[in-house]
Structure formats: C-alpha cells, structure tokens
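Since the structure comes first, as structure tokens, the remarks are kept for the end.
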Amino acid sequence: MTRYALSAAYLLALYAFIFLPVLVLVAFSFQDGRFPVPPLRGLTLRWHAEVLADPRLMAGLRNSLVVGLGSSLVALTLGFLAARGLALSELRSARVLRAAITAPISVSYLVIGLGLLATLNMAGLGLSLWTVAVGHVVINTPLCFAICAAAIGPAQAQAERAARDLGAGELRIMALVTAPMIAPALIAAFLLSFTFSWDEFIIAFLLSRFDLTLPVEIWSLLRSGLNPKTNAVGSLVFLVSALALLAYELGARRR
Amino acid sequence: MTRYALSAAYLLALYAFIFLPVLVLVAFSFQDGRFPVPPLRGLTLRWHAEVLADPRLMAGLRNSLVVGLGSSLVALTLGFLAARGLALSELRSARVLRAAITAPISVSYLVIGLGLLATLNMAGLGLSLWTVAVGHVVINTPLCFAICAAAIGPAQAQAERAARDLGAGELRIMALVTAPMIAPALIAAFLLSFTFSWDEFIIAFLLSRFDLTLPVEIWSLLRSGLNPKTNAVGSLVFLVSALALLAYELGARRR
Amino acid sequence: MTARIEIGGMTKLYGAASALDAVSLTVEAGEYCVLLGPSGCGKTTLLNIIGGFADPDEGSLRIGGRDMVGVPAAKRPTTTVFQDYALFPHMSLLDNVGFGLRMRGVAKSARHARAREMLTLVGLTGADGKRPSELSGGQRQRVALARALAVEPDVLLLDEPLGALDLNLRRAMQEELKGIQRRVGATFVHVTHDQEEAMAIADRIVVMQGGRIEDQGPPERVYREPATRFVASFLGETNFLPARVEAGRLVTPLGDLGSTTAAEGAALTLSVRPEHIGPGAAGDLPGPCAVIETVFQGVHRKVTVRPDRAPDMILRALLPVGQDARPGDRIDLALDPDHLTILPGGDK
Amino acid sequence: MTARIEIGGMTKLYGAASALDAVSLTVEAGEYCVLLGPSGCGKTTLLNIIGGFADPDEGSLRIGGRDMVGVPAAKRPTTTVFQDYALFPHMSLLDNVGFGLRMRGVAKSARHARAREMLTLVGLTGADGKRPSELSGGQRQRVALARALAVEPDVLLLDEPLGALDLNLRRAMQEELKGIQRRVGATFVHVTHDQEEAMAIADRIVVMQGGRIEDQGPPERVYREPATRFVASFLGETNFLPARVEAGRLVTPLGDLGSTTAAEGAALTLSVRPEHIGPGAAGDLPGPCAVIETVFQGVHRKVTVRPDRAPDMILRALLPVGQDARPGDRIDLALDPDHLTILPGGDK
C-alpha cells in the first residue's frame, strides 16, 4: 500500500511540475491590474477583450488557422500515401526508406527554416503565408507518415488482400478499407500536425514578411514586456491547442 | 509493375521535397563568396572556420549541449518512472492519468514558455541556463513518458511478475528487468528529447538572459541577414541532430 | 523440497461476481494436481492465490503447514511457470535460469553450476549462452520450467504451461512434465482447459466450474464415474439419456436399462460415452438406428444416429473402422449397461 | 458454381529453396480437397497460387478449363477464407458479407438480401448490424465464410480456417464446413496441419512434404495404406518395424509376421498403428512385454512397452481402459497382421 502512496505522490508532483506554468499563465490573464504577478487583485475580462479587439492579433489568428489546417491536410495526404505504399511493398529496402522519411522528425526546425529560406532566396521566390505553409508541410509530413506507418500493420494488409480477392481496385481499397480502418490514426496525425503548426515560431518567423502567424505577432507583443494582455493571448493559444486535444480524445480514442 | 513505378516516383518526389532545404543549406555553407546563392563560386571551409572561431557561438554550443544532455536525462528519468508506475497499476483511472501526462505534448512551446516566465517572475527567480533547462524538462517529460509508456506492455508486466515471483524487490526489478527490456525505447526517448532541446528556440529565448543557447545565438546572428556563415552554423546544428539520429539507428534499432 | 497445500473456504469476488466460491481443497505433498475447467471457472484465480499474485477475500491457505495469506509471492515456497513463459529476453538462458538464485544472493559460480544442471534436466544441455528469442516455443517452455525449478520450490505452479504449443508438441511435453515431476518430487499444481492433457498427466484432477469444485479424484474415476453432468460432458464426449425409476428399473426412451437401487419415481440422467455404444443386434438397446453423419477419426469411425425406438434422440457412437457406415444407412447398435453413469436430476 | 482444378508441373522457388517442386494435382469439381502437411511443406504456397496471390515459376493452372496463370486474384472464380479471417472491422456484418457484390456493382437492396441469405446459411441470422469485434472467434470464422461464398465462387480456398479456434469449437465447425460445402456445391480446397481435421472433413486428402505430394486419396485409404513412411507417421501415431523378406516370409525382430509377395531379400519397413496391437497371449507376437509408460486417454489407455523378443524396440499399443497396466507391469500383447502396411526401404 505504501508503494501506491509513493506512486501517487510522485505522479501528483509531476503533474504540478508540468501543468503549473500553464495554470499561472491562464490565472494571471484575468488579473485586474497592469502586472501579471501576485497578489491577484481581482478578476477582469478586460485583457481578453483587448486581445479580441486587436486587429493585428486577430489577423495573426486567422493566418495561423489557415496555415495550420491547410498544411496539415497536405501533410496528412502525403504522409498517408507514402506510409501505405511502403507498408504494403515487399521491398527489402522498405525499412531503410521508412527510416529516411521518419528521420527529419528529429531535424531542427531552425535548420529547416534556414534551409528553406536559402532555397527560396536561390529560387528567387518571395516570402508569404504560402512559404510558411510549405515549411509546415515539410516538418509535418514525416510526423504524419510516422503515425500512419505505425497504424498500418498486418491487419490492414490482410484486409486489403481480402478486398482485392473480392474484386476491389486500388482506389476503392484505399477509400473503403485502409483509410477507414486507420481513421483514429488519421485524426490523431491531423490534429497533432495542426497543433505543431499552430505553435510553430521559428519557421514562421523566418519565412513570412507581411502576413504574420499568431506566434510571430505574440513575439512582437512580447518586446514590450510581460503583461496581462500577453497572458491573455497565450491563454487563447492554449485554448485552441486544448480544443484540438479534446477533439482527439473524442474522435480518435473513442473509436 | 506500373503500380510500383508510380509509388517509386511518388516517394522520390517526397524525398526531394523534404530534404531539399537541408541540402541547399549545407551546400551553400561551402560557398566561396559573401552570398549563399547560386552560382556556386567555389568551395571553401572559411565560413566553418569562422563559426568555430566565434567565441559566442562556441559558448552557445556548449550551453546547448549541457542543457540538452542534462534536461533530457532528467526528463527521461521522470518519464520512465511515471510510465512504469502507470503501466503496472491496475487503476481504472490509469487511462485518464496517462492521457493527462501525454496531453502537454500538443501544448504550445510558446504557451509553456510564457507560463514559465510568468511563474518565475511570480516566484522572483532570475533567468539563467537553469531556467532554460527546467523549461526543456517540462516539454520533454511528456514525450519521454509517452515513448516509455508505449514500450511498457504486457511482456514487461509478465517479466516483472516472474522476477517478483523469483524474489526480486522493486529496485532490482526496475534495474535488471524493466529498464533493460525497454532499452531501445529509453535510448530513443533520450535522443529525441535531446534533439528537441538542441533545436528549441522560443523557450530558450524567453527564459535566458546572459548565457544563451545556440539557437538563440543564431537568431541574433540572423539579424545581419543570411550569409554563408549562417549556413555554416546551421550545418553544424544539423550535424549534431544527424549524429543523434545515427546513434539512434545504431543503438536503438539494432537491439 | 515438497509440501502439502491446504485451502479452506476460499472465496474471491470480482465486483459482484465470485471467481471462487468457498473452495476447499487439499493437495498432498508430491502430488501432480491438475485444475481443469473452462475459461472463467476460477482455476487461474485459485492458482494466483496459491502463488501470491492475488489475495483471497475469505478463506485460509497453508503450504507445508505455514499460513500464507498476506505473504508476498517472493517469500512463498512456490514458483510459477507462466502461460507465456515470461522469460527475460535480454538475458542468456544461464542468467534466466539463475535469476532466482541471484536474488537469493547465491554466488555466480554456484548459480551457474545449478543453472546448467537445470538446463540439463529439461533437455537443453549446452544452450547456456543463447537468448530466449533464439529458441522454439517448446524450448522456451523448458527454460521457464528450469527457471522456476532452479530455486527448489516446494510447490511448482503451472498456468496453462502447454497452451501455446501445437498439438503434437503438447502431447510430447506432457509426458516429459510428468517425468520431471517424478524426479524433482515437488508438488505440482497445473492449470489447463484441455481434458486430454489433464487425464494424461494428473494424479488428481480437480474439475472446476463457476468458482466451485465439481469433482475431484484420480483421472479414471472422474472420467468413468463423473459426479455431475458438467463433469461428464467436459471430460469427453458423452450421451445423456433421461431416465425414470419404475419398479426398481431404469426406464429410458430407449427402453429398460436394468435394475437400480435409486429411489422409486426419481427423474435421473444417464451418461453413456460413445465408446460404450457399439455394433449390436436388432434386439439390443438402442437397436436399429438411422445414420445421420459419420466422421472418420483414424482409430474409430464416429457415427451420429437417430434410434428408431426414440426418434427424437440423437446418439453418438464409436464404430471400429472396419465397419462401414454412411449417412442414410441403417445399423444396429448396442449400449453397454456396465458403463452407465447415473446422475441426479432429469433432462435440463 | 463449381469447377475442376488442374495443376501441372507447378514449381515455385523462394531464393534457392523450392516451396513447390513440380507438383501435379487434379481436384474434381465439387470435391472437398484438404492439403495436409507440416508447416513449410508448400501447402499454403499452393493455395496462394490457386487464389492468385503468388505466381508460379513454372507449371500450369487451369480452373474450369480456363488458364489462370497471370490472372489477378480479383478476376479469378475463386475466393479465400483467410486464416485470420481478415474481416473489415469498420463495417457491419451485412457490409462485410456484401462487399464482393458491391465491387461487382450489385445494387444495395439485392446485395443486402443476398448477404442476409449467406448469414443465415452460416447460422448468423439476425446479426446483420453487428461489427466483427462483437463476435466470438467461431462467429468471425462464419462471417469470413459467408463473405467468401456470397459472390458464388466456383472454388473456395480455405487457409487453416479453423486454426484460431479452440479444440472443441474446431471439431464442431469442421462438421459444419462439410455440411455447407455439400449445400453450395463449390469445390473446396482447405489447407491444414491438423490430421484429425483432414480425416474428418476431406473427400480427398493430399499429404505434402518438402514441396512435393507424398500421397493423395480418400482419408481411409491414406490412413490405412499410407504410401510412405512420412504419411504413415503424420496421419496418426504408428510403430515402425524393420523387416526382411526371407523365403517369402516377413521376418522382423519380433519374429515371423506371415507370407509376402515382396522381392526376396528386400529390406522393408512395416507400419503398425497402436490400435492394431492389443491384449494377447504369451505365444502371440510380440507376446510378453515390459510396460514403460502408460497414459490414460479416456477411451483407451496408451501403453509404451519393450517387447522381450526385441528389447531394443519400443512399441506403443492401445489397451481397453478396463485393463489396468502400470509402469513396471508385464503384459502379453498381440499384433493384428491384417493391418500391417508394408513400406519400401529399411530402417532409416
């Protein structure tokens, strides 16, 4: 029994450690005063209202949503097709090819951002929300691939074989068998990909010029120091991530 | 057969898309001239030598290595203990508790950085490399937990049960049975955690003051625009990530 | 090196359902006891309680006279061979088998010597340095056995130890298990749902269902004179005939099956195994029958028939292979009244 | 609705090893053919080639007279019941069973009607809306069967269809499979390594080993007069006796086993199944024996003995259960010379 008490205490401490920063951030976004530090003088929605009224932050929010949803959809499609192709191939080299697509997950966003910037410079292409989206597709495709590849296993291969035996062609196999069977993984990959794009700063910073994403706008805001308004916009970012997570728990895990 | 040709063409295009930015970055770090754009005028190691001779960049490199290795070790320990505790508990709520630790993976680094900054402000603690390391432990513990939790399954539970039956205590079970059995996952978690810390910009930017990590130093350098020296230091960052990946392939996959 | 197990009034609840319902059982020292039953009958729960992996809600457990309730698994004179073997995949066979001795602080050379001895006992001489992943299923099973026996337990618990093996290997290993038990002399408690395995290997079969013991005894007694309808059908195929006692005679839909001492008017069920119904004459019971189905089994031909005297009834009988019979044929069968088992209660 | 399968000189290599070595086989239309053999014998490779999941390196394949080499699986008049069923977990049973018809462009109402009919055929009436995950193993097997039969294939291929079921369910399902085959009339080709299943279900058993066909024919012929030593031992337990022909008599270490027409001086092997060695007298062959081991099997008691006349030899015999025998006892046994199978070649 003491073993369980010890485990419980350990877990509680761990939760506090992981969640405390976010809790403090959210709590002091309601601070009625100019400084997001104790004592809590009172609760107000003033800072949240200011954030919602700020045209630059709202434009950043829209840009982030568009880039996040669009780039995630593209990354998911590319990753799914590659994962299915490799999972079902009988190539000896499939393991190596798989490692090669998965590898970039551990490559620095900074390096990818710098590399894309150099590539775009070289190609003479200007910076825009499009270039940010391309950057996010580059970082999220390996992630989507890895999640899909983990989900496609012998069960899918067998079901595809059965579908083929019963007369189905490749497109119908993918649409009616493979994709529905791994729907939870597809949802998970899309939502994770979205939250990564939603949160991403350095690539968005390096590859954008006029239309900025929310993290870049927040970074500009931070130059004037920490205040309840930065807390409020941080809470907003958190809220969207939390909603994506909730969608994942409801959509992917329940199935 | 045409199906295979199509798959192969698709994969090739995908590889090009994912790897081109990095290749361009590395290639033009050898540019003999002031601008990292075509034509390639000749090859030189001059920019690499400049990077290695730059005391600020070298200090950043050391700081990043220390923070990365230290925070990853701590995150791995915390994550492993939590994963083992939860995996072996018979609690009905284990699933919920597991989701609660895994959830922060999708929470914005920006939000965690802002939250930690607010928390440190509140606690009156100054910023240093230690605070950056704490930030990296916060972001990497859920990752290490998730990887360990995925690796600890019925096989581990059964082996632990057998070890207990044969007279082993909890510490010896963990050291002689659980940890060695999931060694590949431990190595993977440590290396992935390290590369995430190594690459991380926004938390390091927000939570450091005098001792800066390499990404923050590079960011300062970027203010003067893209040049072969930024390519060279980007290549250096990539080299370390690539070494970590190589270590993973050799260490974790081979077992 | 061996010990008696005494279990008294053992009850274990999972939620509202009882996995064990006031089970009492004594296993003698050195006995090979098989707990037999369908999944969910409580046999594994009982094994887990003996091994110290679950606590009973009520009841007593003594091993070698010592009270064991509350004693952790590590401190009991028992070891377990797990269903999935639970070998340590990162250790050599020598280290796997020597693990228990290492935990007991035995020096390296001594435990290696003992581990080699145990590997020899289970027929794996010279495989010391291999990893479990290099072994076949049957070999892994042997290593698990060697590991559990290396610490010289008084009681060895085996949880479906042959369940993962294919049929031929299973039949071979069960003879070997029995041989090893005779050599080491420990009390073996073996859980299985395979009645052939139980009959071949056990000194004592304990048949369980719904958390209770339905019958226990030597295999032949339990097979030939099952205590309940469940035991009769679980231990092999059988035919159930409804019967009534009229004027001291057993009367069934097939006719009069002889005298009995059972109470007048009682509704009974008779169990007759297919091997006790064979070729006969028209005057025998059941006599003329219509063949519905035949299955060639090598040693026998199993026929499913509908007797003319009770056309609602289906009987299964074993014929010698030489006697041909096809669906639609008519044959005369005779039932051996010496091998009837009389069970209480009418047709359910 | 049914078709003949003709396979000629079929060879399939995996690297340097041949999975199939010039196999020729004809399965008649409407026949229930079982491919039997140990794992790696080539039976699954043969099934895959018939189904269109693998291409042969050499040889011909005709189904219903049409050449099938190079025709994709989707275009063949065959469907397969896979070993792990391969049901579509995200579809209802109705959609699973109707999938093949959907691919053939059959309208929804027609394919639902047909799917319901097939579910009824396999005994799952009314389970239309369930998901495969709600079913037991045996029920999933039935759905896989219904799905494969829904498109009215000429040939149904079954890859170890009962391999994942437990023993009792397996024996019940094999009778049902046979019944369904009689009703639908298609040619069934069924792969298994379980010789009891093969004997119970097959019209024709094809015993394979090492990529070749060792023997084929009706189950009783193959069991009672196996063509090779391998077939004799794979289809059930047997005793092998070395024999020589001397003066037209079969001479074995046990003594003279009667006259023969085999060539004078030839070294032969005799196969005698345990059920053909039973209780006898001291003057019989093998006569007096020492009991080494006995295993109670319910219907019989299997004894392992060492005959006095050939103490190097081990024989296995089946005794009626009534006859008691324990290790160390001495008993007299008699071998039935009518059930000897004479195989070429001496002791290996």
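Letters A, B, C and D mark the chains in the order given here, with residues in each chain numbered from 1 onward.
In the analysis below, a contact is a pair of C-beta atoms (placed from the backbone, for glycine too) under 8 Å apart; a residue touches a chain by one contact, two chains touch by 3 or more.
The shown structure was predicted, so the numbers you read here are calculated from the model rather than taken from an experiment.
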Tell me the fewest steps from chain A to chain B, where a step is a jump to a chain it touches. 1
Any chain touching chain A and chain C at once appears in the list B, D
Out of every possible chain pairing, name the one holding the most C-beta contact pairs. A-B
Hey, how far is the Cα centre of chain B from the one of chain C, in Å? 54
Please tell me the distance, in whole Å, between the geometric centres of chain C and chain D computed from their C-alpha atoms. 27
Going by the touch rule set out above, what shape does the chain contact graph take here: line, ring, star, complete or other? ring
Chain pairs satisfying touch are A-B, A-D, B-C, C-D
Touching chain D in the complex, chain A uses residues 155, 158-159, 161-169, 172, 177, 180-181, 183
Could you pull out which chain B residues touch chain A in their complex? 3-4, 7, 10-11, 14-15, 17-26, 28, 36-38, 78, 81-82, 85-86, 89, 97, 99-101, 103-112, 114-119, 121-122, 137-138, 141-142, 170, 191-192, 195-196, 198-199, 201-202, 206, 215, 218-219, 222, 226, 230-231, 234, 237-238, 241-242, 244-245, 248-249, 253
Which bits of chain D are touching chain A when the two form their complex? 51-53, 72-75, 78-80, 82, 84, 86-90, 99-100, 103-104, 147-148, 151
Residues of chain C touching chain D in the complex: 166-167, 175, 193-196, 199-200, 219-220, 223-224, 235-236, 273, 275, 293, 295-300, 318, 321
